[in-house]
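Below are two complexes that have subunit A in common, paired first with subunit B and then with subunit C.
Let's turn to the complex of A and B:
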């Protein structure tokens, strides 16, 4: 294994693994997303996402290229809408989303083959994936997802990654399928002969982990989660090809099951943090933020033409005027 | 969250199209609401839309009302012996009903319910529980409810109560309403079960016992109280007699209904019992689960999700003009009423139609009337003008003698009103002349012709729900 490739890979993964989660955290502290009238993110929701995540790669492998691109365009447009909605009006938001998505597709079709072309491709791709990770991670945690759920979610993905990397190497085929395709679900970079990227699933889990740890346990949770991500999400996986040969695929590239390294430590970190006190709810977190003087700079809320009018409650049934 | 979204969608569809609502879906939504409140402290951003539907838009509201009136009438034609006969007699085609021609259908009166109650029972529905009106305006009417109704109503109430912040899982609820109001008792108890609130249904027991419970002074003291206005008046007096102040109570909200609640009594309640809110609610056994509530400007806003509300002229029976007095005529929609539904039920509760201009209150998006002014049977006609029970009660309860609850009888004689008052009205040195002058100040020519002192004579005055006393042995010596 080329040492420069290892160093390059470590730097790229390190940046991707920390930049997106920290940006998500900043967003979490300063932006309130609209949430539905009722509902808290629960274990059934996670199971649903897991089914989606576990089945999606197989769809990706069998779907025609244009269908795959269409699905990704729809997914990323929605995610970008969620992230940008608090900042931009629809008249600016949708053209921007269209520019990013179409730009990525056009660059993929026209500029690939040169390093500069690849770099432009990654610029588009990184912005799209970054926006999606920030939006979705905030949607989940602001929707009530707890660190306990994130940690166990990561552990299940760890098993999945391990199985499909080592036992049935689907991940490698998936990486090949995405390679050079429009809207690659990863953040990455290319420099000369070196290329590396980190999948959106890993970025999303890291973002969820940092936000939920900070929300649930404050600064203690933040430092613990950043430390675990650096060590188990960036450094260990990047260095693993030095010692674990199965990840190396005959010099044509490597796929590393990042969650396999990260998942167990995520669960361990959660239970260690729990020993210091229970995980805070969103309501407790709101109170703590208010006490510290933090207020959201943007609040996502739909505009309504008419002031809402509350219909009467039925609680008083039977105490009315009539008889 | 995903499941909750599905439930909300199913509920919204059922409400919009008048489909049968599965009560267990609403019960699950109550659980969702509890979890949401536990996690976030408040409901989410779309809560008003969930509660009110899209009815702040007048066009959407009218479309909904026409659809639901037709839907309800279609079912009554098929299932209700009384209404199938009525519709046939008046050649009513439910498909052609509109809000403009609905007045072709004669109103249903309490007498109709009393005369032929069996004809109001719908076919194919199993009656499960009967509830009676309390009978303070005459012979009690009996309303039968199905299991579906007694499951659905409290679930809807619990959901709206939680989402509006009227109910908190930490609340303790004292209910002082007549134990014969079985529907209300059943609903309140089920609401408490669904929300985890502790409830004490005491009934109309001696006021001293209720006050003992209200002012127990520890964290078991009630935070919510539901009662009739006349019983509330007696509670306020009892609290003052004991020298209690707001610090003696933990009440955060009082729901008072069933009778006219005067401004003087409302102020006294706030000063003495110290709740943040005294809610002058409107409901009625016959029209359940319809209800209405008062906004910050004193209008009565009706629940348009659940039924259709009309105000008809006292004499002509045609829609009342803006600013005119009329009685409330209410049609609860199917699927909210299933077993013994009513259509265009004349409540005989008198309101004044508001002037035809935009509302500026905190519930401005929803149509409203004035607050309830009294029963039509108690209206007095003097000098070509109507005098309502509220006109008389507001002045009476604002007297310095604080004669709460207002016990009097009144009748129109020529160009003036003759009143018999209770001895309490003349406490604190208040004279008959002073009372008459108070009424003159608001343009009413009232003459006090007698003052009642003996307890048995008091019962000859206007009936009050607080007189539906349920005796106990608690204070027997």
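Let's turn to the complex of A and C:
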């Protein structure tokens, strides 16, 4: 495999694997989302997400492309709404979302015969996927998802990645099908003959991991999670082709088995952090933040309308479950 | 006997000339190039002027391909090459096939896929 492709891929995956989670963390620190009226996140919710993520690739094989594009447009619109509604009024938010979604589809259909067209496509795609990952990860963690659940979730994905890459090698074939499709669920870049991307499943898991680690274990959790993501989420999977060639599709440069490396270390990191003290719940995190006098700069508009007081008390009053 | 031999030789020569003439002017059936996940089935193909090439995206092992005239995934203007869909390129999903317009200019051209820039470039030689 071309060494330049590996270097290019490492840089792209490194940026995607860190930028989205760190932006999610900044969002977590600054923005209070409205908590869905579904109670605390539990194992059943995790299983539902898992089924969705695992079945999504196969939808590419069975659904007509226009139906799939419609489904993805709906999903991403909702995710972008969740992420952006604390910042923008509806009359600005929906035109922006429509511009991003329609822009992505139009570029896919009209400019992909040029390198510049691909780069514009990746700009649209990266913004959409970044916004979606930030919004969804914050919704889950602010909704009560724990680091323990994220870690085990990533371990299950690791088994899935391993099975469908090594035992029954269909992941690469599935990844080929997404590449260049409208609203490709990945962040990536192309430069000359080199191209690389990282799927939204991996980006979402990294974002959930960093936020939940920070929420549960403070700065200790943050540093540990960033280290594990850099090593096991970005560097090892990108460099693995040097050792195991079939791990990476030469033509596309997709880093498929990211979770295979990351999952076991995510669980290990959780239990190491757990030895230093119990994982904080969202309510405990709110209380700790309130004691330090910290207030978020943005609060969901509907939450502000209910009561303009500090967010911590709102959440406790709103759910009554204390997470 | 001599006369008969001369007649037969003349007839054979005439047939040969006609056959050669037909070979130069006739448009043969389309030449097919299969496309897999990230590769062409051939790295080079030779065709005659006026012929077409049919690109077939394999229905079981194929993927999305966007074909343009150029190299390394980058469109390059090559004088005399047929149109490959302009800025959009020629987009083929799994199972699709597409026949190029006739290649009317002799020369060597390159076809590449912008979705697989590192592995999908092939040469078309038009004689």
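What we mean here is this: the second predicted complex is superposed on the first by the 290 of 323 C-alpha atoms of A that agree within 3 Å, B and C clash if a C-alpha of one lies under 4 Å from a C-alpha of the other, contacts with A are read in each partner's own complex, and residues count from 1 in each chain.
Criterion: a residue touches a chain if its C-beta (ideal position, glycine included) is under 8 Å from a C-beta of that chain, and two chains touch if they have at least 3 such contacts.
Fair warning: this is a prediction, and the values are worked out from it, not measured in the lab.
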First, second, both or neither for A:264, with subunit B first and subunit C second: neither
First (subunit B), second (subunit C), both or neither touched by A:41: first
Contacts of A:143 with subunit B and subunit C, given as first, second, both or neither: first
Subunit B versus subunit C as contact partner of A:5, first or second or both or neither: second
Contacts of A:281 with subunit B and subunit C, given as first, second, both or neither: first
Which of subunit B and subunit C A:118 touches, first, second, both or neither: second
Partner chain(s) touched by A:110 [first = subunit B, second = subunit C, both, neither]: second
Contacts on subunit A seen with subunit B and repeated with subunit C across the two complexes: none
Touch list for subunit C against partner subunit A, complex: 37-39, 61, 63-64, 66, 68, 72-75, 84-91, 93-94, 114-120
Of subunit B, residues touching subunit A in the complex: 1-5, 8, 29, 32-33, 35-36, 38-52, 55-57, 133-138, 140, 153, 156-157, 160-161, 163-164, 166-167, 177, 181, 183-185, 187-188, 191, 226-228, 255-260, 279, 281-289, 291-293, 301-306, 347-349, 363-366, 372, 375
Interface residues, subunit A side, partner subunit B - complex: 34-42, 44-45, 48, 143-144, 281-283, 286-287, 301-302, 305-323
Sites on subunit A touched by subunit C in the complex: 2, 5, 65, 109-115, 117-118, 172-173, 176-177, 179-181, 190, 192-195, 249-253
